[in-house]
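Each structure below appears as structure tokens.
What follows is chain A paired twice: with chain B in the first complex and chain C in the second.
== the complex of A and B ==
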């Protein structure tokens, strides 16, 4: 299981994790999980940021006299220790006693809980039901929900032999969920077209 | 009621006006000092002897001369592979209004490797001191009053711990690359002069100098230089050399020849600081001659670590770089200090980047202090120990009308 980071902020609906290595955030839209045994929480990565470690210290441009971007890090080796990459995850379901639920868990994630990238088998298992799409569609975030839904479905489709069939099935589900919102449906379908 | 700035504003205006009025006179003194500095007719050997003979007879601190006075040296080229070590500290002082006597020293440490295998390690080491042996320094024999470690003495203890941590870092360094170990501020523990001898013994001889010795001994296997960096120094050691040069009496003896309040010949350079001299003398990246600190504490105790110093120009600022004698007399270590301190300043917007990162690691903010005391008090309460604080401290926390 690939460890992607560690929870540093958590609420019922989402959590934020810090990566162990700079710029090593899981891809936008990917399915990740964290444990609060016996419960496993599943979520979709909806945002990632790389900023200064301390709020008061902003990075400054350093490359004027450097030949390449790598040279900037070579001549200021401390930079890698002063920046951090974080990613935010929208909780879309959980597993308890071997059973999967596609709605919010009873408790938020634990601080310092490890966050893992889900294996292809887990992604396949989780995406057997499209019930989690309802949470994604009804969320209010800084990133547009159409972008998140489309990115999530694109990521999931990669673990299927017939990714196209998966996306068609997801599109049909979305057509029901967004029956009164043609423009949103169109925006998502346009982003998952293969 | 917070500070009434409108009342202060008028006083600030007065202060600025006074500074402005004295500007022309200060410039005149500086010009005269520069004339004396460049005066080729000064016999350096005679001046050295005059400085030697005036020891303890002047009311100001005079730098010892090694070579010359006004020479300047271009920076040697920077090596491609090298390592910088730096430490800095901050502390939470004993608070006599709290129920527990304790203090905290937080040492920030930085290791920066430059070159093909570049890398960094930033860390901080907070240490809480609460035992009797940590809170007071007692004289070895009978007699003499034990001294509480707080205030100025705690500041000195912090300097010792910074040096201790630097020696640890240097000792753990496995690579054989060229290394510069950097401290912030002066190598001279000035504050000790006000304390009895056993304090100097405990903190300087068995502390600071002991750790400097550890660092010096590591030079057997690797090339490791040590320096401390003082930004915007206020020192006048070199200007005071000019005072000696100007003094018509040989040897100079302030108490004997010049009664207090009387106008002296050397007052023609009074008020000038070394940094003002050298900003006119040094080009970008250049260093001055090496000088020796003649302060009494250095003369009495420092031995092989006798503090030498040079001035370094970084952009528009003059910095004072202090080095122990074993660095000053080793040309390759001296050149290493010159090139690497300059390189650090250039990477760090005018201030050594390793020192500013060490400071960032060490810094204890006002909020940290509050949190620390809250932690102490809540831990006492948990264990049902008295956490009485003074009424004064309470009244500061809960303000009322």
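== the complex of A and C ==
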């Protein structure tokens, strides 16, 4: 199981995790999980940021005399320790006693809980039901929900042999959820078509 | 209760008993595969409903889709939207319920009195369902055709059918004659009634022709022992090499004043002329009046007579002109030794069906005159016998079905109250005589008569008045209207009324091939065999 980071901030609806390596955040829209035994929380990555370690100190441009971007990091190796990559995850379900639930868990994630990327089997199992789409399209985030939904479905479709059929089924579910909002539906469909 | 092999179409989403229910199609069912007139079953919670598709429509969840249509050239978008944002609905008219409990299973399908609950599953009717509703062929039920897109047989209960007057309607060239022939064969095969057919175009007795001009066998060729062909025109029959059993000649003495009344329109007589007929008949006697009137020559005497009877000269001339037209009919003779009515009744009593060919005399005057004249007397005889049967407690006479073409000429509102056909249609089965009415302008038929017609079989009609008059008084009229107007112009007919449990669109049974003839006759053979077996059994008892 690939570890992607560690929880550093958590609430009922989402949590933030920091990557161990700079720029190693899981892809936008991918399914991740964290443990708070006996509960496993599942979430979709909806945002990733790389900032300075200290909130007051902004990075400055350093490459004026360097030949390439890699040279900047080579000549200032401390940079890797002064910067950090974080990613935000929207909680979309949980597993308790081997059973999957596609709604919010009773408790938020634990700080310092490890965050793992879900294996293809887990993704397949989780995406058997499209109930989680309802959470995704009803959140208000900095990133547009159409983007998140589309990215999430694209990611999930990769674990299926027949990704097209999966996307059609998901599209139909969305068409029902967004029955009165054809423009949003169109935006999502435009982003997931194969 | 659900059956595994049926094809699911969708679910009930709204509706009412009066207007029928709306069914939202599943995304897997294509709107283009649906057809008006097809049967569906609806799986309610407590009972199953049997209904017919009467309309198909397209819907969208968001009106924006209508205003700014999506790009469906993209197969992905088209696939996603099909059945979700854009979907088809069916309008289904529930007709019958097939209850789940034991009593309703025994009683069979019942007319609907309610609608299925919300979101009941709707399936295409399976073969066993249709069989349950329309029954399978047996001694009384005759296989007339198959429902659209199905192999199941739709059977008419002929025993019920012949108890009332029936009608076959449709535009010219839609297959009325074929249907009639089929129905007559059914009656012959099942022996439910004897028929008297007034065969205007000589196509029911020996042979007819189909649309392609190929000869098809008619009644006498299929059932030689059960059919007698009478003819008005011996010459025409001989030329067509039809062996006839009797040549009908009609004497002047058999024409009664009522007969002239009926011909008023075709002979272009005035009301006064018709009144004059009655006066002349009173003067000369019912049997002799026509000869006497035609024989009036001496001018002075005639004038005196007319003055005495206060008949105006112009009236007399008008009447005279009409009577001359009748006199020109070659089958009329001043005196006929043999009585055609007696002969027809003799045959009918022996259970032999009579087809009266008109040969060359296809003009409506001859047809109305002869049909009315013979029928009136036959009906009178039947009436007498029936009354006798009631009084003496003996078996009533055989059920008689009289087939007439161009029925609106006999049954239009002006004459329906005077002709015998109007009386038969209204009196219905009391005297064991019913009509099989064939017509292409049902709107011309008196509405009172129309309402008494038990089973209506109608091919394509496209005149609004005709459609309205055929469907008058039927529940779900507007729905059936759309079905009727969309029938194919050949081999399809809508049947509704007494002899079928619910309105049904049929593709009529094949007629004209060697196999089809075999099918018709085999029924008869098995019947004979059955009877023989029964006789043998009785012998050994």
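The definition used in the following text is that the second predicted complex is superposed on the first by the 194 of 194 C-alpha atoms of A that agree within 3 Å, B and C clash if a C-alpha of one lies under 4 Å from a C-alpha of the other, contacts with A are read in each partner's own complex, and residues count from 1 in each chain.
Just so it is clear, contacts are C-beta pairs under 8 Å (C-beta built on N, C-alpha and C of every residue); 3 or more make two chains touch, one makes a residue touch a chain.
No experiment lies behind these values; they were computed from the predicted model shown.
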{"item": "Combined model on chain A: chain C and chain B, fit or clash", "value": "fit"}
{"item": "Which of chain B and chain C A:183 touches, first, second, both or neither", "value": "second"}
{"item": "Chain B versus chain C as contact partner of A:99, first or second or both or neither", "value": "neither"}
{"item": "Residue contacts with chain A in the superposition, chain B compared against chain C", "value": "C"}
{"item": "First (chain B), second (chain C), both or neither touched by A:76", "value": "first"}
{"item": "First (chain B), second (chain C), both or neither touched by A:58", "value": "neither"}
{"item": "Chain B versus chain C as contact partner of A:140, first or second or both or neither", "value": "neither"}
{"item": "Which superposed partner A:171 touches (first chain B, second chain C, both, neither)", "value": "second"}
{"item": "Cα-centre angle that chain B and chain C span when viewed from chain A, reported as a multiple of 10 degrees", "value": "170"}
{"item": "Chain B versus chain C as contact partner of A:193, first or second or both or neither", "value": "second"}
{"item": "Shortest CA-CA distance in Å separating chain B from chain C in the superposed model", "value": "50"}
{"item": "Residues on chain A lying within both footprints (that of chain B and that of chain C)", "value": "none"}
{"item": "Residue ranges of chain C in contact with chain A within the complex", "value": "27, 61-62, 64-65, 70, 74, 76-77, 79-81, 83-85"}
{"item": "Chain A residues within the chain B interface of the complex", "value": "54, 57, 73-82"}
{"item": "Touching residues (chain side chain B, partner chain A) in the complex", "value": "110, 112-114, 118-122, 347, 353, 357, 360"}
{"item": "Complex contacts: residues of chain A adjacent to chain C", "value": "164, 167-168, 171-172, 174-176, 179-183, 185-186, 189, 193-194"}
